[in-house]
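First subunit A sits with subunit B, and in the next complex the same chain sits with subunit C.
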Partner chain A sequence: MEAYTISRDNLRTWLDTLARDYTLIAPVREEETVSLFKPVRGFAEINLGYTNSTVSPKGWLFPQTEEMFFFSTSDGQITLADAQTPGPAVLFGLRPCDIKGILALDPVFNGAYQDCYYQKRRQDTILVGLSCTRVERHCFCTSMGGGPTDGEGADLLLTEMDDGYGIEVLTPRGEELVNRYQQYFDADRENRVIPAREELGKKLARQFTRNVDTTGVKEFLDQHFELPYWGELARRCLGCGICTYICPTCHCFDIFDQSPDGESGVRSRCWDSCMFSHFTRMAGGHNPRPTQKERVRNRFLHKLKYHRDRYNLDGCVGCGRCVTRCPVNIDIRQIIADLQEVARHD
Partner chain B sequence: MIGYAPGSEVSRVVPAFISREDEVDRLVWNPLCINNLAKYLLDYRHEPGKVAVVVKGCDSRAIIRLLQDNQISREKVIILGIPCPGLINPDLVAARLDPGAQITVAAVSEQDFSLQTGEGTFTFARDEALLKKCRDCEQHTPVIADFMLGEEIPPNDPGDPFVAVKTLEELPVEERSAYWDKQFSRCLRCYACRNVCPACTCRECVFDQAEPCWVAKANNLSENTAFHLIRAFHVAGRCVDCGECDRVCPVNIPLSLLNRKILKDIKDLFNVPTPGTSLEELPPLGAFTNSDPDEFM
Partner chain C sequence: MTKCHCRNPLKPYPATIVKIIDETPDVKTFQMVFDDPEVMENFRQKPGQVAQLSVFGVGEATISITSSPTRKGILEFSVKKVGMLTSALHRLEPGNKVGIRGPYGNHFPYEVMKGKDLLFIGGGIGLAPLRALIDFVLAEENRRDYGKVDIIYGARSMDDLCFKYDILDRWPQMPGTTVYTTIDRTEPGWEGHVGFVPAYLEEINPSPENKYAITCGPPIMIKFVLQALEKMGFSDDQVITTLELKMKCGIGKCGRCNIGSKYVCLDGPVFYLSQLKQLPPEF
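Entry: the complex of A and B
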């Protein structure tokens, strides 16, 4: 596929133009240590210097709260109306781990069961990746099969260079986007872009402070459902939903109706968390995951086993967000290492 | 026994639960022992035997709160108080120390924090490194303890803890509203603030109830605002100002500012210290006296 370069000035103009032609979702610095992906009106609102956004950008394709349809009743009839869906969008500045997170969501919503809401947004959204420029202390994407300059899953991949950005076209959809705004790009005649990205990738690969070896962990978990270890972890788990909400691959949701007058209203879905006690509570009161032990176990089995069982993909992309934010230092890197240790003594 | 142990990297210390004498060696005490462990007592309410817990000055107020609300009986708990000279911001430690290092000696002086590892001694200027929640600390020495592990530290005068509240109070109502709208609009409703809070002890939380649905699951400014205001009012008079809600919020909502507004109002109305300061002094909104102001009646 082709590669191009774009100057910093042209990047600014291009993004301002993109914001006019599409819904443009990009990283925004909200607070000193909080950056979020949000719709923006132009380049001025975007912060490309972030490492990992506080919450993963999955929320564009799978919003925290999403209206599914409106309903109204009259004369014993129910009338349904589709909720509005956003049109063509560009999700800009995605870090490689977050693109991998989207690839992990695809088979959930777009596999054997087609989720029309996710599917529509996914089809309408162009993914523009952005190679990392540094490695944070909780990053471990290289341990989970990714890398800080991997573009897999993106339509375009940008990489910062001395005099602007290199752009690699990775899909026909990316090519269309570049062709539409050709005036901003220069062909990479000297073939600088790919070597620059590879060089950056090698430099960053040396900066990871902790590597995780997942070898054999899934196979061990296949054989061991009950482990006292889950109880030990659960004792300190607060049962909050931070880890699941900020995660790029967690995708559980709950469906609910809101109808102030009882006759018309909206059916929506919103993120839910397997860390919450009521997540598996049945209508009759029975809860098959009655304590935090079962909930913690479920979360990590989902990351390290179930997602692989179902889709042959890891349920963790090594972004490190849960490690950074867990109030009680439940650290998936440590859990993987501990499981290796337990397996060795098995 | 609930104490602190080294975490997955040098800058983190984790709550540790030990039940055998030979596990005592796991325990540590250093300026990274941030979590308020009192909350975990609730998990042991109905377990047989006694439970010992390590508390700092701020956390000790939470113990009093739990005792006063009969959440745990005094006979059940053994309080191991540690006078705390202040805690260090873990991000600064993480930035300078090798993540795999172990802290062997930690010391705190008026001027700095000093952490010793196999690679040498690292000092951090106290002014810069002190954790936010320690800046206005009222009680370095626990207000209740069965055993005091260390020399008592006399209270110092941290100045007016309500400066930020007063600054906000002075803004026009539209600006105050806009300020909180901006904060609440990014709330994830992860409920970490609730789950870490020693004032949150309801058997079933109002926010977990589906019928009636007091606050919808929908994540929007209206519902998020309802969540935070209900929670703030719900813990009014029982918030011990331990600062944990602030610390754990993943999107940096200044929850202690919200709770401090109510702490300030309660101080103004009832002339009482921060809840949990004294076992004898009942929470102002949980006790009745004839001298209560009643201008609203």
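Entry: the complex of A and C
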């Protein structure tokens, strides 16, 4: 596929134009330490210097709270009306781990029953990736089969260069977008873009402070469900659920109705968490995962085994968000290492 | 990206409650009909499948479909009042509107069961999913495909027996069908068997030869029924049960009903005992 370059000035103009033509979702610094993906009106609001957003950008495709449909029960009849969908959007500045997170969500919302809400947003959204420029201490994407300059899954991949950005076109949809705004791009005649990205990738690969080896972990978990280890881990876990909310691949949700007048209202869904005690508790009171031990085990088995069993994809992309945000320092990298250790002594 | 051409699977179809049967003090059977006749015609459930019932403004719950697909033009759901949604359902009256989506999940292996004798073992509201298969098998068009049908059913008291019209009147009169009914403790007016279901099963002591056992009931009953069946020589591939787990979406997205890598809403609710033994004990 083609590669282009864009100057910093042109990038600014291009993004201002994109924000007029599409719903432009990009990383924004909200407060001192929180960065989020949200709709922006132009370049001025975008923070391209972020390493990784506090909350993953999955929320554009699978919103934290999403209206599904409206119902009305007047005159003894039920009328259902679809909620509005946002239309054409560009999700700009996605880090490689978060693009991989979207690839891990795709098969969940696809399949025999297609999730129309996710699918509609996914079809309407162009993904523009942005190579990392530095590696944080919690990053471990390379351990999970990714890399800080991987573009897999994006329509376009931008990489910062000395005099602007390189742009690699990865899909026909990315090509359409570049063609539409070709006045801002220069052809990469000297073939600088790909070598620059590869060079950056090599440089960043050396900056990872912690690599973990996942070899054999899934196979070990296939054979071992009961491990005292989960009980030890659960003693620390507060069950706050932050790990699931910021995770780019967690997809559990609840469905609920709101009806202030009892006759009409809206059915919505919102992110939920398998870390919560009520998550699997049934109306009669029976709870198949009654303590935090079962819940912690479920989450990590989902990341390291179940997602792979169902979709042949890891349920973790190595973004490290759960590592930095866990209030009691539960670290999936340490869990992988510990499981390796337990497996060795098995 | 695959383009989504389907009808939104999370959006229910409007339906009307046409009749409510009081089964026990806390169980009602709701007969429902879709408002759109075309939807009614195209709703092709198989015995053992479940549906999501909506009471708009309250929410949804997964309920097993208790009527056999051989019974056209109507759906039956037998619902025990245990939580918010089921309590809201119990407050409704004939003519009230609800929503239905589905059918979801796998079904009883009625094709594989052909030519076999069938032993049904139910407890309390656990007879509801079994009833879809019993009526399917006993339907005139299917009856010759199956051998002898034995039904063992128990509840805490006479009052707690569901489907009395079936277990006491209709089913015992069907050809090749025997119904064994029991209640936990003796009470005035009851002339039948007294005792727990697993003990009654051991008393009846059915032969496992050429037979499938299909069971559903409270977890404690199922536990002892499975032990009794094993003692009688039933293999794990001859024993079938259905699981109940909290579900929200019913279509394998919301991540709530997983047991290990399986989702009860997609891979269940019907499992062979041999499959159950492969799953982590989280149900």
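Brief remarks on what is shown
The definition used in the following text is that the second predicted complex is superposed on the first by the 345 of 346 C-alpha atoms of A that agree within 3 Å, B and C clash if a C-alpha of one lies under 4 Å from a C-alpha of the other, contacts with A are read in each partner's own complex, and residues count from 1 in each chain.
Throughout what follows, contacts are C-beta pairs under 8 Å (C-beta built on N, C-alpha and C of every residue); 3 or more make two chains touch, one makes a residue touch a chain.
Note that this is a predicted model, so its numbers are computed, not measured.
By the touch criterion defined above, A:Arg20 reaches neither subunit B nor subunit C. Within the superposed three-chain model, A:His224 lies out of touch with both subunit B and subunit C [touch as defined at top]. Applying the stated contact rule after C-alpha superposition, one finds that A:Arg134 touches neither subunit B nor subunit C. Within the superposed three-chain model, A:Arg8 lies out of touch with both subunit B and subunit C [touch as defined at top]. Of the two partner chains placed by superposition, only subunit C is touched by A:Thr280; subunit B is not. In the overlay built on the shared chain, the residue A:Glu31 is in contact with subunit B alone; subunit C does not reach it. When the two structures are aligned on the shared chain, A:Arg41 is found in touch with neither subunit B nor subunit C. Contact with neither subunit B nor subunit C is seen for A:Arg180 once the two complexes are overlaid on the shared chain.
Here subunit B and subunit C are compared by how many residues of subunit A each touches, and C touches more. In the superposition on chain A, A:Ile242 contacts subunit B only, with no contact to subunit C.
The contact surfaces that subunit B and subunit C form on subunit A in the two complexes overlap at residues 254, 256, 272.
Contact residues on subunit B toward subunit A in their complex (touch as defined above): 7-9, 12-17, 35, 39-40, 43, 94, 99-100, 186, 188-192, 194-196, 208, 210, 216-220, 244, 247-248, 250-252. Against subunit B, the residues of subunit A that register as touching in their complex are 30-34, 36, 54-55, 64-65, 137, 209-210, 232, 235-236, 238-242, 245-246, 254, 256, 258, 268, 270-273, 276-278, 323, 325, 327-329, 331, 333-334.
Subunit C meets subunit A in the complex at residues 1-4, 6, 8-12, 14, 35, 56-61, 82-86, 95, 97, 99, 219, 244-246, 248-249, 251-261, 266, 280, 282-283. Contact residues on subunit A toward subunit C in their complex (touch as defined above): 68-69, 71, 73, 76-78, 80, 82, 106, 108-117, 119-120, 122-123, 225, 250-257, 259, 262-263, 265, 267, 269, 272, 274, 279-284, 286, 288-289, 294, 298, 301-302, 305-306, 309-310.
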